[in-house]
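Structures follow.
There are two complexes below, and they share chain A, which is joined by chain B in the first and by chain C in the second.
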Partner chain A sequence: MKSKLQALEKDIIEGLRQCSHCKMCVSACPTYEGWYTQSSMGRLAAIYAFLMYGLGSEKELSKLLFSCSTCRRCQNICRAMSAGVETTDLIVKARNLLAIKFEAKGEDANG
Partner chain B sequence: MDKSYKHVIPTGHVYIKESVLEKGNVFGVSADKTAWATGLDLPKKADYTVFAGCGYQLMKYADGMLASVRTAEKMGVGMEKVVGISKAFGKVGIDLAGITGRITTAGAEDIYTRVLISAINVLKKLSVDIGYMGTEEPCCGSPIYYSGFADDYINNAQKNYGLFKSMGVKKLIGVMPACTASLKNLYPQYINGYDLEVKHFIEVVADRLRESSIKPVLKKKMTIAYHDPCQISRVLNLSKLTREVISRIGGLELREPEVDQTGEWSTCCGGGGGMEVTFPELCERLAVRRVNELMATGVPVIATSCPACMMQLMKGVSKLKARVKVVDLAEILDEALPQ
Partner chain C sequence: MSSLIVDLQSIVGKENATDSIYDRFSYALDPLPHELEKALIPQTVVRPKSAREVAAVLKYANDHKIPVMIHGAGTSFVGAARPKRPGSIILNTCNLNSFEINEADCYFEVGAGVRLLNLENMLRKRGYMLPSNIGSKKSATIGGSVAVNTIGHMVDSCVGKTIDYVLGVEAVLPNGEIIQTGTNSLRRPAGVDLTRFFAGMEGIFGVLCKVRMRLLPDPKKGHVAAFFKDATNVGRSFTKIYQDKLAPPMYGEFLEEDACVIGFQIRGLGKPKGSMALATTIAYSQEEADRQAEEILRVFKHFNPVKAYIVKSKEEQELLWAARDFITNLQQREPKGTWVAIEVGLPVHALGEAIEFLQKGPLELKVLKDCKMYIYGHVGACSIHALWIIPKDWPNDMKYAAVLESRHLEDRMHRKWGGIGGEVGQMSGRIAFYREKYGEAAYKLLLQLKKTFDPNNILNTGNLEGEGYIEK
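== the complex of A and B ==
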């Protein structure tokens, strides 16, 4: 379980590193209402900060991740005009990371 | 059990996962999956198998299910993996069986089921040899993939592939955009030697209209704006094809909103990624914004191809108290095609 989690983490970080923070996806995101964290770039930055430096909590990260409608408009604009980051796929992978992490915890607690 | 689990994985998403894995549909209701096809006389074995999906036939339960999940979330019912979330719901007095009981509309009375029936009629009128899987039809699992339960999704996909094979299914026609995208794009990534031919309804219609001499014509002229569902436009890349089909319907005029709001750049209706269960207010704002964009074209009818989009757009329309009708493209096609 642990190696799987690490592999997924590595996969996500590699994907995140391609982001050039051009903010093209910010205006493309339908949930953007003034805060960067309501957009794709903000969500990706939050995942990166969490995975690399342990910034923020899982609870906060979860809120950002699950407020994405996975409509892939950001991924489309990134492919067309920027670095081609698979933004939506990365958000879904990060959701998966949280699920694996916490399901493992739950199993441990139950013996 | 780690107590923080329920703060990290929203109740609604856990509910969706358990529903898909245990009940075989997104809404977690024990509904008859063949009810919609009553009287349609569909065989089990045919050239093409229609994959109806949970969306259209069970969308009528969405409001009840969403309300229950939201109440549960407010009351702090979280993930209780051992007992199952429906039991946890029962403990605090939320009766999920009641959701199915309250809804009495059936068949063509229900606006969502009607779309499915229309789609079948269209395929029959275009003489496509179709059948369906009846009670055996599984849930493709697309919602749990987007909720982040990739392992469960893969297990479910492999189980489904075995089922398709054992039933001799070779060619699938999907009506739900999300199910079609899941069967077409995601399954091959996780199943070795995946060899099912998956097509979306609109692809089959476009092919048939090109080949045959049938010309769909609407008796009464209609002007529509088309809302591209995200799975149709950006995952399946069918925006252009959809417009080709629309242009082939006589008496139907399509008015496009701004360039950056249509086709592959269509904005979100708010119905995706399980957002309705966690952020209903945000969802509603998205719906209102999208309806406003489409209404700027001044059309009386908004067409789309997805039950979730349909639900969201109708929510937006009623919120704005606008006089706009929301229909599915399959219904327009059914009306336009000669018997």
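== the complex of A and C ==
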């Protein structure tokens, strides 16, 4: 379990480091209402803050990640105009990561 | 909940101020590859809806001596948007989003937080052009463009600078006072005009809330494309355009062959036939725009291109120009990584020389020497970029060393040819060169002006001091 988690974390961090915060995905997000965390860029930043800086909590992160509609507009924009970050895939992977962590604690990732 | 967030929420409303850690973290990020220092994560993010709310936030920050970083979209690649001091407030302009057009008097007024692409579209559908085209226009704001006085890819000698279109502004001083500058007339003030303290001064003297700009009727355009085996001939062509006394084009773009590849691939254009030059001429009549395009074609042909032609098909024109758009971020795909870039302003004679200098690989590069380099730029505007792909797994100190090394190379090129950056501002990562170029008396004058406007140094704190980018 530990090695599976570590491999998943490494894979996510590798993907997140491709993002250069150009923010082209921000306004395309159907959930965006003026805060970056309501967009793909902010969600990816939150995952990075959680994994690399140890900031926030699993619950807070989970709430952000499950507010993503997974419509993939951000991923299409990044593919057409920017660094080609697999934004939605990373959000889904981070959801899985949290799910594993919550499961280990006997909790539900989706609140 | 801290008293800071409670106080700020009482000014801008609960929904417009946050101290959530993930919001605070995300608003401190910019395109630079090195990590944000944990201690510099801001305390709060606010998004005021009016100049009055901006004024109240600044008055509060000034009374409590809290640093405030103005945030349009945070796309500066010289570090201007990164917080430099602990405990800052991020003032996000996204809710300053008004737009009013006064066609009778030939101007428009726009909130600082309106995105450039949205503004461009709103103007275009009424038959006007936005005199600014920045690579990050999908996210960057008009407030940022005016504050930095950048027209991005456009050619200054043809279009002017953004502030040449600014008739006046509404700005808030660091002490919370709201001021109006300029005029509603197309006749701009002669002599004293405080507009210049806010348009082009990188937000160190006040927060731009609203900008009044002259409407610019969309001109007729001609388009020329050329491909060269020798990339330096793109630079030499644009030098000759100036030396032949031709009308400078609105765009004069250059992409070295390698830098074309990804854009061509994405737009389905196949393999580039060499290093690409693109020029867009403008005039009131189509006949004149076409005539200017023919003149530029003649110059391109003088330098032995693989192919040079007037681009007549609208579809091809859009594809070629789209292959150039967003190129900075697109280069990150091959090889995969993040990036650092330089932007060098050059005298007319040196355009070919500078391309050659970069192609040879500057000898002083130690950290960047093995990184893939792409060369491109707005050569018609006498501006060139080099961009290096930084491996994602490099340790943070190496990424930071790469940023500093790129700055040193940019400084060396400016020293060698006498130019200065014309696209992304002079402060933050660039301030050391600014001091060297203009001298300590000029820098001291800037510090004194800053003290006059902002005695507690709360606004964009640390940018004028170059904090975070001065050699340790």
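Convention: the second predicted complex is superposed on the first by the 106 of 111 C-alpha atoms of A that agree within 3 Å, B and C clash if a C-alpha of one lies under 4 Å from a C-alpha of the other, contacts with A are read in each partner's own complex, and residues count from 1 in each chain.
Methods note: contacts are C-beta pairs under 8 Å (C-beta built on N, C-alpha and C of every residue); 3 or more make two chains touch, one makes a residue touch a chain.
As the structure is a computational prediction, the values presented were derived from the model and not from experiment.
Taken together in the superposed arrangement on chain A, chain B and chain C fit without clashing. In the superposition on chain A, A:96 makes contact with chain B only, not with chain C. When both complexes are overlaid on chain A, the residue A:36 reaches chain C alone and has no touch with chain B. In the superposed model, A:46 lies in contact with chain C only, and not with chain B.
Using the contact criterion defined above for the overlaid structures, shared-chain residue A:67 touches chain B, although it does not reach chain C. Using CA centres, the angle subtended at chain A by chain B and chain C is 110 degrees, rounded to a multiple of 10. When the two complexes are overlaid on their common chain A, residue A:5 makes contact with neither chain B nor chain C.
For the pair chain B and chain C, the minimum alpha-carbon spacing after aligning on chain A is 12 Å. No residue of chain A lies at the contact with chain B in one complex and also at the contact with chain C in the other. Residues of chain C touching chain A in their complex: 18, 20-23, 25-27, 29-31, 33, 35, 38, 41, 45, 47, 73-75, 94-95, 115, 136, 138-139, 266, 325-326, 329-330, 332-333, 336-339, 392-393.
The touching residues of chain B, when paired with chain A in their complex, are 1-2, 4-5, 7-10, 13, 79, 81-82, 145-151, 230, 234-235, 264-268, 270-275, 278-279, 282-283, 285-286, 289-290. On the chain A side of its complex with chain B, the touching residues are 30-31, 33, 58-59, 62, 65-73, 75-77, 92-100, 102-103, 105-106, 109-110.
Note for the complex: chain A touches chain C at residues 14, 17-18, 20-24, 26-27, 34-37, 41-42, 45-46, 48-49, 52-53, 55-56, 60-61, 64, 80-84.
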